[in-house]
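Dropping a structure here in structure tokens format, bear with me for questions.
By written order: A, B, C and D. Residues from 1 in each chain.
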Amino acid sequence: MNAPGSREATRLPLSEKRIPDEVFAQMRAENLARWPTGAGVDFDAAVERHRSLPPHKQLAWVMRKADAERRCLTQPRGGFGTFELQKQLMQVLDRDGHADVVPTTTDSYTRNEHWHLAQKGIEETEKMGRSMLNGYPMVNYGVERAAELVDAINKPAIMLTGTAMPRLTGEIGYAGGYSGYLGSGIAYTVSYIKELSIEEGIRNYQYLDRLVAMYQDAGVELHRRQPGFLTGTNIPPSIAIITCVLDCLLAAAQGVKNYGLEMGQTLHLVQDAAATVVCRELCQDYLRRRGHEDVFTSVTLLHWMGAWPHDDAQSAALISYGGTLAAVAGANSVTTKSTHEAFGIPTPEINAEGLRMTRTAIYLARNIRLDGLPEFEQEKEWIRREVRAIVDKVLEMGDGDVAVGTIRAFEAGVLDIPWSPNRYVKSRILPARDADGCLRILDPGLMPFPRDVLEFNEAKLRRRAEKENVSYGPDLAVSSVYEMAEPIAKLLPDTWS
Amino acid sequence: MNAPGSREATRLPLSEKRIPDEVFAQMRAENLARWPTGAGVDFDAAVERHRSLPPHKQLAWVMRKADAERRCLTQPRGGFGTFELQKQLMQVLDRDGHADVVPTTTDSYTRNEHWHLAQKGIEETEKMGRSMLNGYPMVNYGVERAAELVDAINKPAIMLTGTAMPRLTGEIGYAGGYSGYLGSGIAYTVSYIKELSIEEGIRNYQYLDRLVAMYQDAGVELHRRQPGFLTGTNIPPSIAIITCVLDCLLAAAQGVKNYGLEMGQTLHLVQDAAATVVCRELCQDYLRRRGHEDVFTSVTLLHWMGAWPHDDAQSAALISYGGTLAAVAGANSVTTKSTHEAFGIPTPEINAEGLRMTRTAIYLARNIRLDGLPEFEQEKEWIRREVRAIVDKVLEMGDGDVAVGTIRAFEAGVLDIPWSPNRYVKSRILPARDADGCLRILDPGLMPFPRDVLEFNEAKLRRRAEKENVSYGPDLAVSSVYEMAEPIAKLLPDTWS
Amino acid sequence: MSAHPRTIVTGVIGSDTHIVGNRILTMALEKAGYKAVALGALTPAADFIKAAVETDADAILVSSLYGQGELDCRGFRDLCVEAGLDDILLYVGGNLVVGKQAWPDVEKRFLEMGFDRAAAPGTRVETVIAWLEHDFAARDRNAQKEPA
Amino acid sequence: MSAHPRTIVTGVIGSDTHIVGNRILTMALEKAGYKAVALGALTPAADFIKAAVETDADAILVSSLYGQGELDCRGFRDLCVEAGLDDILLYVGGNLVVGKQAWPDVEKRFLEMGFDRAAAPGTRVETVIAWLEHDFAARDRNAQKEPA
């Protein structure tokens, strides 16, 4: 199912170039024919539908507005296995959680385009009376049901579909009135799938971005978004931002005008604030350099993406701090988790509680900024240098084409992602937390960072090894994976040595 | 009962001077005779008892250690109506809450020396099977039971007794092995009692401080602590610090060497950090200027002391942020609340949960400091100027005597406290929150702040009035009392205007 | 509201120092046209009754925040009756008991003690003013029905 | 541990991409002296069996984190039996079901499916290694008792 299959006819050589109209029409026809509900997509009707939505239900408008008013919005995740459960969930998140953006997470069969399995999951869910799927099977339910979900809430709806294969889900959701889609060719292919090549992932998302450009041409601005949190496991800011820049350039090349950039929180106040500023700045910088003058970009931080503690009290602190970090960083929005994170998908109520914790934390820190703080200014500079070294190299390797450069760079290990399940990624780079609580690069693998940057990272990590009296090496990375999940009494003992 | 009563014989003219040995011996004899359990106090045995405690159960040692290691400790509040309930509570706080300092809050009858009523409360508590008192009746239970409580935990124990009349409670608790006592002559008299004059309150605490000096002379360092949070209701940092400095000077004059300074959090990251630094700095500055070279002072921040929200999620965020604020401020400890705050005294488990939330928040922010942040540097300077103007004036009014100066200053309104229940306090000063979230002085009453300081405060508050389109006046103060208790959707709406 | 303003006694009962809510409530009563007799914090039960008798008050609003209200408020209605204030309007409000207890239980306990209304933690002044208007209006109607 | 190292197949079942815990577990197995056959993320049930047959494995450790393990793992023991792996040691672990459910219920569900052990969310590698040692030792003892 991951193979290009029947698409041979429309297969162009890989490049960042905008897919020509006729080719795209052909691609769409083939795509929509893959599952019966594809026939429900009517582009003209979809354009009408979006035009009829009030601005506050259009995510592109909402993200621009949040940016203009310096607001930090909240958005949870959330998906259940049947339409009824999903509708209730979205209403609770909207009304009790005061979510500014309401999500629909798709289930993992849908993500992998195993729609037959998803159908079985729906049936099992109905039989068992509890969700047997970890999300909403958007494709199986089709356009009309999607529209009903959007109508059930008073906020913009976004698709969260963690997949390298977004083509049919995206068509259906957008046609139903969803105004945002999270996912991108590089980020999700390296973190959500084992056998699919990066090239196929990029091609799949070029389709989605091209679709959004088609809406744009028809006068409907839709929001696209990149999940720079990747494998969620101790991703240093530079690694996230590198993928943000590249995915963003790929989307802009297809004609996307409203693009969000996401990063998992490092949980270090200064590092997260620096990352947010640099992400915004460098994406715009590279966009302009490559002639994309009018792309709006927003930045979203995500609540801690690594392993969570099993104590609700500890989790509540992580959630609240996540709001604080996003507010102080000046992020446009924050994607929230709940106290159930370590255990399983949260109930609607627990999910809404996480939203209110986060919202309160944002309110409390809404006016704090770190501009002028020496450490903040330095951290920004380090991140800039790490990002530029790699992105410039990728562009060079592609002879000016981002898509081609990306593939070549992954092959060479110039681009690399920690803890990736994808066999086309070297996954030799290894991050760890330093003594101050910042994420640093322990082993760069083959990524060509400048020497002084690597020395800086190493010095920081050696200081931690010394302080904790452990050996400098991969164990630092493994213990950093567990760290936030440890009982607090272990992290900050209540005894004296 | 609030009258000086039989103490006429030992009544010296009011001054800051150390109470002479013989006079103090006489005062102690009279004091201990006021309730049968007073006879249980044996000073030599008490000294032995403290010497036999391991250092980690001695609060003076623990506070010095925390300061040396730059740790931010946690301490809850907690008191129940019977010995058994109190013991369980303290064990839960120690073991499940990982409290670094374990409290015993006394009930309000004990605070007002209504020991007969407290006795009734114990009986009612036993009869009803739930605590009918809001704290532990320390005096009624006496020294031996106090010692059993201290033995039941593996941390230092502190008395939290919110009273202007600490003499008998303090004798009993210290004799039982408690190594800290929170309370002071100025701060508690202005905020916990209506009819007692400030002079009597100061005299009562001079007794307690003199007692601690007597232990000090016997080689036992006990911790004394000042509750600068006052009425807990939007106290701007300068008002808190002014009382910290004055109470601290009074204690040092009696011979106290280990003194803690507390302030309620303003909930503004920069203002709280600035307040913490300035409090530490100015207390030491005035101590040295007045010849007290060797007094150790620590700074404690308290979780939000005003009205709390009714939503557990919002409360959890306030709790976590309280840990963040204390950690970033570099406070030596933080005094915690729980998600039950708006409703009633928390159960041991909910109290312990608040501790773990706070502890996690501290861990997450343990390495963040704001040094060099322009706003932080400015805020410190404003606070310094507000404090110095008043403290210098008080010292001047006392002709060099802090006790005398304080009384005269309260009479003249030079010292004033917002929302005070005490009839000897003008309580004309009125604070409110500004548009950035800092606490400012809306109406200084008769307090002689420099003109530019007042202009600064006014400008900040006018900006809020404009922004919210409300009139500049006392309503700003009233709405600031409610603010944090409002539903989050009101504070940060999820709709667009 | 009638021409002659109603008189309302306010205060915080027992050894309770929580004055802020009571003071804001008192300010709101005055703004709403009532004559408020404010006894402040730490007020013994007997002082409420005395003030109500002296000022011929129409209502007493007892605040209790610190948890010991359950002990302090026992017999309050009896004291009123003894003082001849047979049907003075009696409200109580704040954090009336120790700990977070189910509100309906707590309310019942205080209504049984003889209070006409009990206010849950965090009740806003607008609610209290609305209660007073409602209850006074009801009394006026009753007074009109029964010949004086 | 015997001279000849035991072989253990690891992988993440179904459409599940959560590789981190599985990879750390695999590293720990190797460190503890086992021979690990790591199939990685998104592994169909059949691939586990195939690998176990090919490598003559002593145990299969199935990870499932994403919630759909309850669907993916049904019939896993039957597939083993069909392939002649009648009493291969079968463990499963991770976040096995959708949502926060009471662990004893979940454990029971998976033991009934034929797994020898199920690991609750967040189980540490030390625990898993200890289980393996215990269970292999028990098997060795049984094997000695019964004549081959």
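Heads up, the rule we're going with is that contacts are C-beta pairs under 8 Å (C-beta built on N, C-alpha and C of every residue); 3 or more make two chains touch, one makes a residue touch a chain.
As the structure is a prediction and not an experimental result, all values here were calculated from the model.
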Shared touching partners of subunit A and subunit D are none
Round to the nearest whole Å and give the separation of the Cα centres of subunit A and subunit C. 56
So, in whole Å, the Cα centroid of subunit A is separated from that of subunit B by 46
Just how far, in Å, is the C-alpha centre of subunit C from the one of subunit B? 31
Return the residues of subunit C touching two or more other chains; collapse runs of consecutive numbers into ranges. none
How are the chains arranged in terms of who touches whom: line, ring, star, complete or other? line
According to the definition already given, which pairs of chains are in contact? A-B, A-D, B-C
Interface residues, subunit C side, partner subunit B - complex: 12, 14-17, 19-21, 23-24, 27, 40-42, 66-68, 70-71, 95, 97-101, 121-122
Where on subunit B is subunit C touching in the complex? 81, 107-109, 111-112, 114, 117, 120-121, 124, 130-134, 191-195, 231, 233, 307, 310, 340, 342-347, 350, 419-421, 423, 478, 481, 485
Subunit A partner contacts - residues on subunit B that touch it in the complex: 55-56, 62, 65, 98-100, 155, 267-270, 309, 311-314, 316-321, 323-324, 328, 353-368, 370-375, 435-437, 488-489, 491-492, 494-496
